[in-house]
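See the structures that follow.
Same chain, two partners: chain A is paired with chain B first, then with chain C.
Let's look at the complex of A and B:
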């Protein structure tokens, strides 16, 4: 609670750089927590999580630029479009499991990248869409903070609910869950749609914040990868795990790119990824608790 | 128009052999070890970069450097198997976990090539670059024809190795049934290490061949990752003949999309094809594994 209060009044004192770092950190917490819902809890590892962020960003930026709508509505509509996309692709794709689902989601993110390039009447292709930047970082800071709080809060609620238990039972053994009367198809689609809401909305906010998007920035695999690493680092299928992962990963990335400018920090992410999966599959949370989370990927 | 269509069909078939070479490497590792090698495409592009450096610094033709490169890539493959895959297999981790670990390798290779070679487009120029000859009014690229020949020879060698030698038979045996072949005295550890080595050596060779056909940059691996997964899934995970057939189907589809629509649409068409195949028949044309 105290931490939240500090974060809430921080913009009064902090400089632009600190706000920028924190804002991205909130975005990543929300992304990682939403990835956690479909992949950590339900066990469908999503290699195309960025698709929803990209859809949100493009929806919002197109409406903002071509129709001059208020960013409030465009960002919310971005979320709506992301959810619609999640339901439409989720219904057929969620039948797939393990690497098959992962590969199909990876392919989906590439299809959307290709569409963003090719439908240039709508998306302006590789040139990207730019809008006049907003003067202050502070509103973006608060929106991202709210996004992160909503993400963590809803994951906490879900993890304590019957719905959350249903999702975990799907991860552990889908056939058994089915036979016990859980509507697994509905649960999976709900989890998938739920995991698309925040990336869709925050994608729009992120696009407006950067005041520019292009296909590669909006559908960059690094968003997906960061979400996955944060969850695995902290412990997927737990509430606190993704936050811990985001703190450590963002902190280390900033520190390393401060020491050695350029792309070197990605080497660190890659190496960390490998070490974690081999030696600490349950993430940091598994060091404290044997009960919650655990190795979400030990099962087929 | 007819001549043009036939010409791009032939072009597609010629490229198909290289696709097959790379897809077979990726699929051997899947069939033999149930490893989804996310980084295969990055290893291919790494091969292209090393061929580029060898050609820039020592004026080596990619046709020569591909033999030189096959050795370090073989070692790289064995190292990946020993240090990254084996600990997972000992833990009886799921197939998906191998995919995650190889994504780590993907990031490392991509970042390294970005740091070493920058994001600029690279291309290896050879005496035969851009040369072509004419048959019945159709232009055939000499480079593609040479590489078609080399890839075909390599594919035949791989085939002979898999069917005629003891080691090759062992690889096929563990693809069929891991436990049973272990009981029959197949040394799993040795065979899987060899398989990964061969797979990476093929990727390195394929990479150096490609360096003279396509211009490349670090993120180009993304295009190849999708394409190779497409081919392997279409042909059937674990089925080598399936991969070869689907490589040719795939390269001709690509050539046709490029001819009749536009090259920029190939991504959308091919990735949609992967999803479609996964939904309709996850085991692919000739595959047997489903999960």
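Let's look at the complex of A and C:
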């Protein structure tokens, strides 16, 4: 609570650089927590998470620039479009499991990159879309903060709900979940649609904040990779894991890029990813949870 | 009217006819056994009844309603629970939560947490699993996992349970204990249809037995009738065995 209060009044004191760093941190927390919903809880490892961010960013920027809509509506509509996309592609693709789902989603993000390049009447192709920058970082800071709080709050609620238990059951054994009365198709689609809401909305906010998007930036694989590594580092399928992962990864990447300018930190993220998969597949949270009674429902 | 009735059920996998026009019925309150050599089509028949497979032809009636073509979760909510031949607990969840899932999702209209928590505790007590209540399912041994399969099935408030080889791989004491539970479950008004390889188990508790061989139903009758049926002996031991 105290931490939230500090974050809420911080813009009164902090300089632009600190706001920028925190704002991106909030974006990543929201992205990682939404990835957590479909991948950590439901078990469908999504390698195309950025697709929803990109769809949100493009929807919002196009409406902002060509139609002059208010950014409030364009960002919300970005979320709506991302959810529609999730339902449409989720229905066929969520039948796939494991690496097949991961690869199909990765391909989907490439398809959307290609569309953004080639539908140049709409997206201005590789030149990208630019809008006049907004003067202050502070509103963006608050919207990203709200996004992160909503993400963490919903995951907390879901992790303790019947819906969340249904998703975990699907992750553990989909056929068994089916045999126990869970409508697995519906649950997977709901989780997938839920995982698209915040990336869609925040994608629009991010685009307006940067005042420029192009296909490579809006559908950059590094958003997906960061979401995945943050979740795995902290512990996927947990509430706090993605936050811990985001703190470490963002801190590390800022610090390392400060010491060694350029893209060197990406190498470190890649290396960390490999080490994690081998030595700590449950993430940092798995060091704390006890062997027995580790699930949220067993407590008396 | 029987509780469950299969009408000329057929299931083909490509050119292989795994279940070949099988008729069967199970009356309310019965324990019915399904036996047959490996590959006879027993589990396939279960998978057709529980909604995992669409039958190539034929109908499944449950309580007067046709249920072939329903999804497994719909079949479950109609009141047919199943256990798996190789136990498949939700590994990262405790025994309690595994059972809770069955109650929350498997009942018609869905259960609420306030009703299901005490229900799950009751089932744990009934199965004498109190000591493992909070144990994650991945840490259970085979006998405990098999018991958990039954607990999860019971939690869905079924009228019929399909048990797929519940005592296979258990030692005689464990088998004895589980068979006692199965009889108690029947006495509580739940009908049971079960596949089993352990003959002693199936002979001791079944009211009737069906025998499948190469997908065809070759015999039906009381345990005594089945034990002396020449077709059954031939299916298991080969031609001429019963005269030797």
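Definition applied: the second predicted complex is superposed on the first by the 289 of 300 C-alpha atoms of A that agree within 3 Å, B and C clash if a C-alpha of one lies under 4 Å from a C-alpha of the other, contacts with A are read in each partner's own complex, and residues count from 1 in each chain.
Keep in mind that, in the parts below, contacts are C-beta pairs under 8 Å (C-beta built on N, C-alpha and C of every residue); 3 or more make two chains touch, one makes a residue touch a chain.
Keep in mind the model is a prediction, meaning the values are calculated, not measured.
Student: Tell me which partner A:183 touches in the superposition: chain B (first), chain C (second), both or neither.
Tutor: second
Student: Determine, under the contact definition given at the top, whether A:97 touches first (chain B), second (chain C), both, or neither.
Tutor: After superposing on A, A:97 lies in contact with chain B but is clear of chain C.
Student: Does the superposition put A:263 against chain B (first), chain C (second), both, or neither?
Tutor: Touch partner of A:263: chain B, not chain C.
Student: Applying the touch criterion given at the start, work out whether A:169 contacts chain B, chain C, both or neither, answering first, second, both or neither.
Tutor: After superposition on chain A, A:169 lies in contact with chain C alone.
Student: Using the touch criterion from the header, give the chain among chain B and chain C with more contacted residues in chain A.
Tutor: B
Student: If you stack the two complexes on chain A, which partner ends up touching A:6: first (chain B), second (chain C), both, or neither?
Tutor: neither
Student: Taking the contacts chain A makes with chain B in one complex and with chain C in the other, which residues are shared?
Tutor: Correct list for chain A: 297-298.
Student: For the complex, give me every residue of chain C touching chain A.
Tutor: 50, 52, 71-73, 76-77, 81-82, 84, 88-94, 96-97, 100-102, 104-107, 110, 113, 133-136, 139, 152, 156
Student: Quick check: in the complex, which residue numbers of chain A touch chain B?
Tutor: 45, 92-93, 95-100, 102-104, 106-108, 110-111, 113-115, 117-118, 221, 225, 228, 232, 262-264, 266-267, 269-274, 277-279, 281, 297-300
Student: Inside the complex, what are the residues of chain A that reach chain C?
Tutor: Residues of chain A touching chain C: 162, 165-166, 168-169, 172-173, 175-184, 291-295, 297-298.
Student: Could you list, by residue number, the parts of chain B that touch chain A in their complex?
Tutor: Chain B reaches chain A through residues 36, 84, 87-88, 91-97, 99-101, 103-108, 110-112, 114-115, 222, 225-226, 229-230, 233, 264-265, 267-268, 271-272, 274-275, 278-279, 282, 291.
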